[in-house]
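Paired with chain B in one complex and with chain C in the other, chain A is shared by the two complexes that follow.
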Partner chain A sequence: MTVTLLSNLAFYIPELIAIITMCALLFMESAYGDHERRRTFVYVTGVIGLSLCLFSLFKNIPVESISIFAGSVVVDSFSTLMKITMVIGTLGTFYISHKSIDIYEEFKSEYLIMAVGVLVGGMLLASSNNLLTLYLGVETLSILSYVMTSLKRRDSHSSEAGIKYALYGGITAGVMLFGMSHLYGIFGSIQFGEIVNGMKAMQEFNIAVIISMLMFFVGIGYKIACFPFHMWSPDVYQGSPAPVTAFFAIVPKIAGIAVVARVTYQFFGAENVNTEMWMRLIQIIAALTMTVGNLSALNQKSVKRMLAFSSIGHVGLILMGVITFGEQGMGAILFYTLVYTFMTLGAFFVTTMVINRTGSDDAVYFKGLAKTHPILGFSMTIILFSLAGMPPFGGFIAKFNIIMAAVDKGLLTLALIAAINSVISLVYYLKLARTMILEDADGEQKIDSYSLTSRVYIIAMVIPIIFLGLFWNNIYNLYSSAKIYLN
Partner chain B sequence: MSGLLNYILWMPAIGMLAILFIPSSNKTAIRYTALITTAITFVLTLMLWAGFDNSIADMQYVVNVPWIPDFHINYSLGVDGISLPMTILTGLLFFLCILSSWTVEKSLKGYFALLLMLEATVFGVFFSLDFFLFYVFWEVMLLPMFFLIGIWGGENREYAAVKFFLYTFFGSIIMLIGIIALYYSAGNEADAFNILAHHGGQYIDKTVSIFGMDWEFNKIFFWAMFLGFAIKVPVFPFHTWLPHAHVQAPTAVSVILAGVLLKMGTYGFLRIAFPIFPQAAVGYAEIIAVLGLISVLYGAFCAMAQNDVKKLVAYSSVSHMGFVMLGMAAMTTQGMNGAVLQMFNHGTSTAMMFLMIGVIYERSHHRWIVRPDGTKGYGGIAKHMPTYTVIFIIGMFASLGLPGLSGFISEALIFLGIYERFTTITVIAVMGLLVGAAYLLWMYKRMFFGEPSEEVRSYSDMNYREIAYMLPLCAAVIVFGVYPTPILNIMRASVGKLVTLLAGFQ
Partner chain C sequence: MITLKAYLFISLVLFVTGLVVMLSRKNIIAILLGIELILNAAALNFVAYSKYTAANLDGHIFALFIIVIAAAEAAVGLAIVIRFFQVKESVHIDEASDLREELTR
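And then the complex of A and B:
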C-alpha cells in the first residue's frame, strides 16, 4: 500500500519527534550559559522527547505494512518493535551518562545530542527499503558514532578508539557501496522490491549476486561486529566512555540486526536460486562469531572489553535466529534484542559505578561488590547469569527461543555450537560473579554517585530480566506476529 | 488433596521469602523459620505417602496448568513410585540438615534462604512432568548450590563451586538440545514438552543430520541425555567434580549433594533417558553396566587412598552410585527395584556419614585421618566418644552393606537382577563390595582405635541436638534394612511398568 507524499509524514511521527528532540537539545545547549541549569534542561528535554517518541511508537504498532516516501522507507511491525527496543536502550543510557564521571561534565549534553542523532540513523536503517536509504542510515549512524567514541577528548585511548572506529568504518562503508553498485548493476534498481523480483527471476545460482551481497554485508557486519569484522569492537568499547560503550552495544547493533533480518528475509525468504548459499554463509559467520567472541572474552581483565567480546557472542546467536526466517525466528530475534538491551544496560550501569569509584573497569575492582553494595552486586550477578543463559532469567528464554527456531529448521549443528558456546560464556561470566560475591573487598569503598535513583535504576533493569524469564507468553506472542514488509 | 504437590514444592519457597524479611540480626527467628518450614514440608511428604496408591503405576496427584501456551509449556507436576521415595528422602534430609546447621554463624540469613531455595528446586525436579519445567528446575538448582559451596565452603571453595557449576551446566545444555529435538519430534503438538507423552520408544526410525553426517535420532539423543545425567550421578569418567565439591562444601550441603542431588541423575535416567529411548538404552545396556562397574571399582579404590575422611566418603558415593547404574543397566525387575531402593538407602546412609563427619569437624576443624605431613589426625575416638562411635558404626555398616542394615538389601537385589544378564560384570562388581568393606573398615580402624591423642581428648561427645538429628537416620537404616517392604511397595508398580516397557525392546 502506497500513500500520497504529504500524508506520508503521518507514518513518520516517531522519527520526526526524535529529530525535533535533537534540534531542541542543540538549541538548549547553546541557549543557556549556566552549566548546572543547562544540563538539567537538556536531560529533561531529552527524556521527554524520547518518551514521546516511545509513546508514539507504542501507539502505532502497524497492523499492515506500508511503504512511504516513494517506497524508500517502510513502516512495518518488525521495524517498529525494533525501534521501540532502540529507544528504550537510548533512554537507558541517558541515565548512565548522567551518573558517569567517565564523560566530562562539559560534554554531557553533547552526548545526548549525538545519541539521539545515532538513534535517528538507526531508526532510518531499521526501516529502509532501498539501498540508498540504507546507506544514509548507516552513515548517519556511523559519523556521529565516531565523534561519540572520542568524547573523552583529553584521553588518548578515547581518541585512538575514535580514529580506529572511523578508519574501519570508512573502509567498510566503501566496500559496502561497492557491493551496492554491483547490485545496482545486476538488477538495475536500488529498490529492494526490484532486486527481489530480479532474484526470483534468476534461473540458476549466480556467484556475482552472492559476492556483491557479501560486500554489502561487510558494512552491516561491521556495525553489528560479527566475525571477521569485529576487530574494532574491543578497542572501541574499551576506549570509549562507559555510557558510550553501553550505547554502542545496543543501538547500532540492533539497527544492524534489523537490516540483516530484513534483507535476508526479503531477498532470500522466498526460496530462490541464491538462498542456499546465503544461508550457508550466514550460518558459518554466525558460528564463527559466537565462538570467536566467547573464546576471546575468556581472558579479558577489562570488564568493558569482556562485555564487548561477549556481545559479539550474542550477535552470533542472533544471526542464528536471522537465518531461520519464519515467525519463530522473528519472534526470537526481537525477544533476544529486548532482553539483551536490559542486560546490557544493567551490566554497563554497574561497570560505570565501579569506574566512578576506581577510575578503571578492571575486573579486580569488582571484588566484593556484593558485600559493599549488595543491590549492585546481586543485580550484576543476576544479569551475568542471564547473559550466560541460566533459567529462570530472560537470557535463557532468549537463547532457548533462538535454539528452538534453529532446531525447527534442522540446523542442529548450529544449535549444538550455540549450546557449547553457552558453556564457554559461562566460564567468564562466572569468573566475574565469583569476584563480586565470593571474594572480599579491599577495605571500605563508597561510591559517591550511588544514590537512591541508582538503586531504582538497577532494579528497574533486573525486574524485566526476571519477568521475561517467567512470563514471556504475551510478549513473545506480540513479537512472533511481527511482520516484515514484503515488496 | 490434589494440590499437595504444590504445597510441597512451594512451601520451602515461602519459607525462603519469610526468611528474607526477617532482619539478619534476629538469628533465632531465622533458624526456627527454616526449621519449621522444612518440618512442615517433611510432614507434607509423609502425607503424600499416606495418600499414595501403591497399586497404580502411573502418575498421581497430577497438577496441570498452562504456563506458556504458545509453546505448549505446562506447569505440570505428578508423582509416581519412582519419585515418591526420592520426595520422602528429600523432605527428611533437608529437615535434618537445617538441624545440623544450627551452629552456622556466617551470613546465616543467606545460608538458610539458599538451602530452602535448593529444597524447592529439588522437589521441582522430582515432580516435573514437563520438559521445560524440568529443565528450569534442574538449572536453577545450580544457583543456590554455587553460592552455598562458594561462600560457606572450605579453603578451596571457589574452585570447587565453579567446577561443579561448569560441569553440570555443560551436561544440561547438551540435554537441552535433546529436549528441543524431542519437542519437534512429538507426534502431537500439544504434548511436545510432555515428558510422559514421549515415553514408549517412538523414535526408532528417525535420523538427524549433525556436522553433515546422518545419525540415528534414537541413539544420538540418548547419549545427549546420558551425558547430562551421567555428570550429575556422577558416572566415571565424569566424576571429577564430585570430590572437590564434597570436600569444600559445608556439612549440610554435602549431605544434600550426596543424599539427594546425585539421585537426580539416576532419576533422570529412569524418568527420561530410558523410557524415551528404550531401544538405545537396551542396546547400550552393556556400556552403561561397564561404566557403572568402573565407577564401583574406581570409586572404591580412590576412597581407599584417601587420608581426608570427607573425600573418602565422597569417593564411596561414586562407588555406591555405580551400583545404582548396574542395577538400572540390568533392566530386570529385581535390578530396577534394587536400583531405586539403593538410591533411597544410599541417601540415608551417606547422609549419616557426612553428618557424622560434620560433627567431628565442628570439634576438630580438620578432617585428616593422617595429616599430609604424616602425623596422625584422628585416632582413638572410640575410647573417648562412645555415643559418636556407636552411631558412626551404624552408618558405616549400612553403607558397607552389612546384612540387617539397609545397604545390603538394595545391593543384593541389584546383584540378583544383573547376574542373569552380565555374569562377568557381576562377579567383578562383587569384588567392589569387598574393596568397599576394606576401605571403610580401615578408615574405622585408623579413626577409632588406638589411644586417643591430646587433641581427641579435648573433643566433647555428641550433644542432644546432634543425637536428635542422627536418630531418624539410624532408625531408617535399621528399619528398612530389616523390613524394606514399605519402600518396595511404593515403587513396585511404577518400576514394573518401566521394566515391561524396556523388555519390549530386548
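And then the complex of A and C:
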C-alpha cells in the first residue's frame, strides 16, 4: 500500500515542481532579506520553476485517465490541459507584476510566492476526485487569494477588498462544507466514485441530494463568480493591485471551471434521477450569469471593474459549454479558457500600463492610447474585439464552438441568449476601443515602465489570439480528444 | 442513547446561528466568529455521520482537516482585519464601503 502510494508520486511531478518552486521562493525571500538583487533572483527562480512545471505537464499529457493516492486525485488529459492553461496564466502575470508599480517593490517576491501557492491549490482542485481534496484545493486557493488581495499595505481599497473577499469566501466555504457533510451522510463516502454509484442506485428524485448539491455548488460557484455569488468579484477586482486582479481573473476561475466540469460530468454525465434538475439549474445559472455580467459591465467607469463584469459574462458562456457534455463541449471549454487566458493577460497588461502612468484605472485615462502608444493601443483594440467575439480572432472561434456545442445539444434558448449577450458585450468593449482610437490624449503621456520587453510581451499576447482565430483546427482537435476520468 | 437526529439538529442550529450572526452583526470579528460556527456545524455533521451511517473513518479525517483549515482561515482573516483596522481605525463592516459602482453619465 505504502509503496503504491509512493510510486503514485511519479504522476504528480508537475505539482511537486510547483510546490518545490514555492518553497524555494519562500526560502530566497527570507534568506536574501531586503537585497536589491534579490528580486531578480526570485523572478528567475519563479520563471524557471514554472517553465519546468509547464514542460513536465506537456510531456506527460496522459492518454488514459488514472486515479492516484487511493483515488483522491485523478490525472486525466482534461485536468492536465487545464493545468497547462493555469501555468501559462501564472507565468504571464509574473511579467505584469514585474512591470506594475501597483505592487510595492518589497512585496513583489511575496506576490510570486503566493501566486505559485494559489496555482498549486488550483492544480489540486482541477484534479480532485473526492470531497476532501476538493475542499483542500478550494481553501488553498482561497486563503492565499485573501492575502494577495490585501497585498497593498496602508491602502484602504486593497484592505477593504481583502475583507470582503475573506468574508464572502468564509461564508461560501462554510455552506459548501455543510452541503458536503450531508452528501457524505447520504452516500456514506467522500469519494466521487461512490457518490456517483449511490446516485445511480437511487430510484426516485431526492430533494435532500439536490439541496446538498446546491450547497456544495455555492462554494465552487463563488470561486468562478457565477450569478448569485458574483457580488464580491467587482469589488475585489477593483480593490486589488492590477497584477493580482489579472491573476484572479485567470487561475482561480479556470480551476473552478475545471471542477464544475468534472463534477457535472462525473455526477450527472450518466443519466440518473437528479440529472434533469441539475441540468436545468446550470442552464438558468449560465443564462443569468451571462446577462447580469454583460449588463452590469455597461457604463462602468473603472476598467478593472468592467473587466470583472466581462469575465463574469465569459464564465456564463463557459458554464453553457459545461452542460453540453460530450467531447465537443469539453473541447470548447478548454479552447475558451486558453483564448480567455491570453485575452485577459493582454487586457490587464495594458490596464497596468495605464495605471502606472496615472495611478487610476478610469476609462478616461485610456484616451488616445492608440496615438501615443500605437502598439499598446492597437493590441488592446484587437484584444477587445476578440473579447467581444469578433472574427477573425480567437474569441470568435471560442464563442462559436461553445454556441455550436449548445445548439447540437438542443439548448437553443441558451444559445440565443449567448448570441444576444455577445451583442451587448460589443457595446462596452467598442466604447473603450473608441476612447483609445478616436479621442485625443490630453497632456503628457509617457509611460516610464514601458520598455522594449513590454512591447514584446503585448505582441506575444496578441499573436496567439490571432493565431487561434485562424488556425484553430489542430488545437481544437487535441482539446476535443481530452478525457475526463470516469469511474 | 443519543440518536443521529440529535446531532443533526445541533449542527443545524449551529449552522443557522452562524448565518444569523453573519447577517446581523456589524463587527467584522463577530462575522468571523459566525464563519467558525458554520465550519464547526459541518465538522460535527461529518463526525456524527461517520459514527452512525457510514462505515468508514472518512468523516473523522474530514473533521480534522476542517479544524486545521479553519485555524488557517481565522489567522489570515484576523491579519486582514488588523490591516483594515490600521487604515480605517475601525472594525465596523459599514466602513468597508469605498469600493462601489461608479457609472459614467
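One rule holds in what follows: the second predicted complex is superposed on the first by the 481 of 487 C-alpha atoms of A that agree within 3 Å, B and C clash if a C-alpha of one lies under 4 Å from a C-alpha of the other, contacts with A are read in each partner's own complex, and residues count from 1 in each chain.
One rule holds in what follows: contacts are C-beta pairs under 8 Å (C-beta built on N, C-alpha and C of every residue); 3 or more make two chains touch, one makes a residue touch a chain.
Keep in mind that this is a model prediction, so the values were computed, not measured.
K.L.:
Taking the superposition as given, does A:Phe69 touch the first partner, chain B, the second, chain C, both, or neither?
P.N.:
Neither chain B nor chain C is touched by A:Phe69.
K.L.:
Let me test your reading of the model: by the given contact rule, A:Met404 touches which partner, first (chain B), second (chain C), both or neither?
P.N.:
Touch partner of A:Met404: chain B, not chain C.
K.L.:
After lining up the shared chain so the two structures overlap, which partner does A:Asn477 touch, if you call chain B first and chain C second: first, second, both or neither?
P.N.:
A:Asn477: touches chain B, not chain C.
K.L.:
Is it chain B or chain C that touches the larger share of residues in chain A?
P.N.:
It is C that touches the greater number of chain A residues.
K.L.:
Identify the partner contact of A:Leu430: answer first if only chain B is touched, second if only chain C is, both if each is, neither if none is.
P.N.:
first
K.L.:
In the superposed arrangement, does A:Phe107 touch chain B (first), chain C (second), both or neither?
P.N.:
It touches nothing on chain B or chain C.
K.L.:
On chain A, which stretch or stretches are contacted by chain B in one complex as well as by chain C in the other?
P.N.:
none
K.L.:
Can you list the residues on chain B that touch chain A in the complex?
P.N.:
67-71, 135-136, 139-140, 142-143, 146-147, 150-151, 157-158, 161-162, 165-166, 169-170, 173-174, 176-177, 180-181, 183-184, 208-212
K.L.:
Flag every residue of chain A that touches chain B in the complex, lowest number first.
P.N.:
Its residues touching chain B are 385, 389-392, 396, 400, 403-404, 407-408, 410, 412-413, 415-416, 419-420, 422-423, 426-427, 430-431, 434, 437-439, 472-473, 476-477, 480.
K.L.:
Provide the residue numbers of chain C that touch chain A in the complex, in ascending order.
P.N.:
Touching chain A from chain C are residues 11, 15, 18, 22, 28, 31-32, 35, 38-39, 41-43, 45-46, 48-50, 53-56, 58-59, 61-62, 65-66, 69, 72-73, 76-77, 79-81, 83-84, 86-88, 93, 96-105.
K.L.:
Considering only the defined contacts, which chain A positions touch chain C in the complex?
P.N.:
Those residues of chain A that touch chain C are 131-132, 135-136, 139, 142-143, 146-147, 150, 153-157, 159-164, 166-167, 170-171, 173-175, 177-178, 180-182, 184-185, 188-190, 234-235, 238-239, 299-302, 305, 363.
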